[in-house]
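Look at the two complexes coming up: chain A is in both, with chain B in one and chain C in the other.
Then we have the complex of A and B:
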């Protein structure tokens, strides 16, 4: 039982390394990330949005739902800290 | 010098730096769509200026300048502004968060700017709020 953690960790690590060996080469133009929507963003993004910053128009326009989720995560984080720390204090005062 | 009291050099330098840090934060938010930057980065810069002020002059002095209710309301207001802009687009007959429907020129650019501002408001208020909770927790 003591060695179970070691075995599980080693197996997971080996699996991840095997997975990373199958990754496409960095900057490969035929890799899936650069062959589906990326050319469309690069070619049409500035014409459609009039925003020169590619990172911003992908994050804030094409992937706007994703950014809304990110903002909600930050909001939830602040609310969780507020509830845990301020809530603990008001309990201690009682 | 009493314990907990900062040296006058540290206090003065922190106070002098804060307006410039905040101006730079606003610049990063407002120019997020034309140069590297955006709401997340700019909001973090503005919030860090308050943390710098707290490090320089003590947190009690900073805390007097804002109320906790307003801080929580501002955190929510940014998210509301973001989601509300999406609803405005719905009202104008387009898809949710499709800024092209906004009745201004370069509508998608303007929509992105509004979103960066909303993100900046939320990030600023959230970081200050978390900082407050951690500092005053006993």
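Then we have the complex of A and C:
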């Protein structure tokens, strides 16, 4: 049973490595992630937002609704932690 | 079949697969719930590192506009000059979500430990069967 995990892990790893051989070479400027929409952000983003840091303007300007959702995730997580820990305290008092 | 040169060209992806499988093994093979959680975090970080490595470009710099070259006028930006910022932005979101998940999971583990006095899976199942 113990070795089953190792076998499954090794097989999955080999499969993933075989799959990664089809990836574009590292640092290729024409690779798919760098060639469709990202040149538009790099070339026009500074003109449109006047923010020099590209990660910042994509995060807080173009994708600001995404960031709002991120804040919701953090808020929900904090509420869940608070409620779970408060329940633990009242359980310990019983 | 792939040659050795292909593997060396993908050394970063191979590293992330190894990291990911360490996390996968910890999640499936370990009995301790904290070790499972650490495995989940390793898994998550391997994916984050993988996606950030997709943004790499040869001879490119960090995605912050270099203003010193032509002061006053707006600099003409070339996409090949800067690293792709989009994977970094998306992984920033993933890091935040990961922190929230880890926090909730740790709170749940604390609750489990307070109630059953153990975090080992087999002992936990036994005690749940005994106490209901």
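Methods note: the second predicted complex is superposed on the first by the 90 of 94 C-alpha atoms of A that agree within 3 Å, B and C clash if a C-alpha of one lies under 4 Å from a C-alpha of the other, contacts with A are read in each partner's own complex, and residues count from 1 in each chain.
Just so it is clear, a residue touches a chain if its C-beta (ideal position, glycine included) is under 8 Å from a C-beta of that chain, and two chains touch if they have at least 3 such contacts.
Remember, it's a predicted structure, so these values are computed and weren't measured experimentally.
Because the two structures share chain A, they can be overlaid on it, and in that overlay chain B and chain C fit beside each other without clashing. By the touch criterion defined above, A:61 reaches chain B but does not reach chain C. Between chain B and chain C, C touches the greater number of residues of chain A.
In the superposed model, A:31 makes contact with chain C only, not with chain B.
Once chain A of one complex is fitted onto chain A of the other, the partner contacts of A:9 are limited to chain C, with no touch recorded for chain B.
After overlaying the two complexes on the shared chain, residue contacts for A:86 are found with chain B alone; chain C is out of touch.
With both structures placed on the common chain, the touch criterion links A:77 to chain B and to chain C. Of the two partner chains placed by superposition, only chain B is touched by A:49; chain C is not.
For the pair chain B and chain C, the minimum alpha-carbon spacing after aligning on chain A is 8 Å.
Once the two complexes are overlaid on chain A, the chain A residues touched by chain B in the first and by chain C in the second are 52-53, 55, 59, 67, 70, 74, 77-78, 81, 85, 88, 92.
Across the complex, chain A meets chain B through its residues 48-53, 55-57, 59-61, 64-65, 67-68, 70-72, 74-75, 77-79, 81-82, 85-86, 88-89, 92. Put simply, chain A touches chain C in their complex at residues 2, 5-6, 8-10, 12-13, 16-18, 20-21, 23, 25-29, 31, 33-34, 37-39, 41-43, 46-47, 52-55, 58-59, 63, 66-67, 70, 73-74, 76-78, 80-81, 84-85, 87-88, 91-92.
Those residues of chain C that touch chain A in the shared complex are 2, 6-7, 9-10, 12-14, 17-18, 20-21, 24-25, 28-29, 53-58, 60, 63-65, 67, 74-75, 77-82, 84-89, 92-93, 96-97, 99-101, 103-104, 106-108, 110-111, 114-115. The residues of chain B lying in touch with chain A in their complex are 32-36, 38, 40, 72, 75-76, 78-79, 82-83, 86, 96-97, 99, 106, 108-109, 111-112, 115-116, 118-119, 122-123, 125-127, 129-130, 133-134, 136-138.
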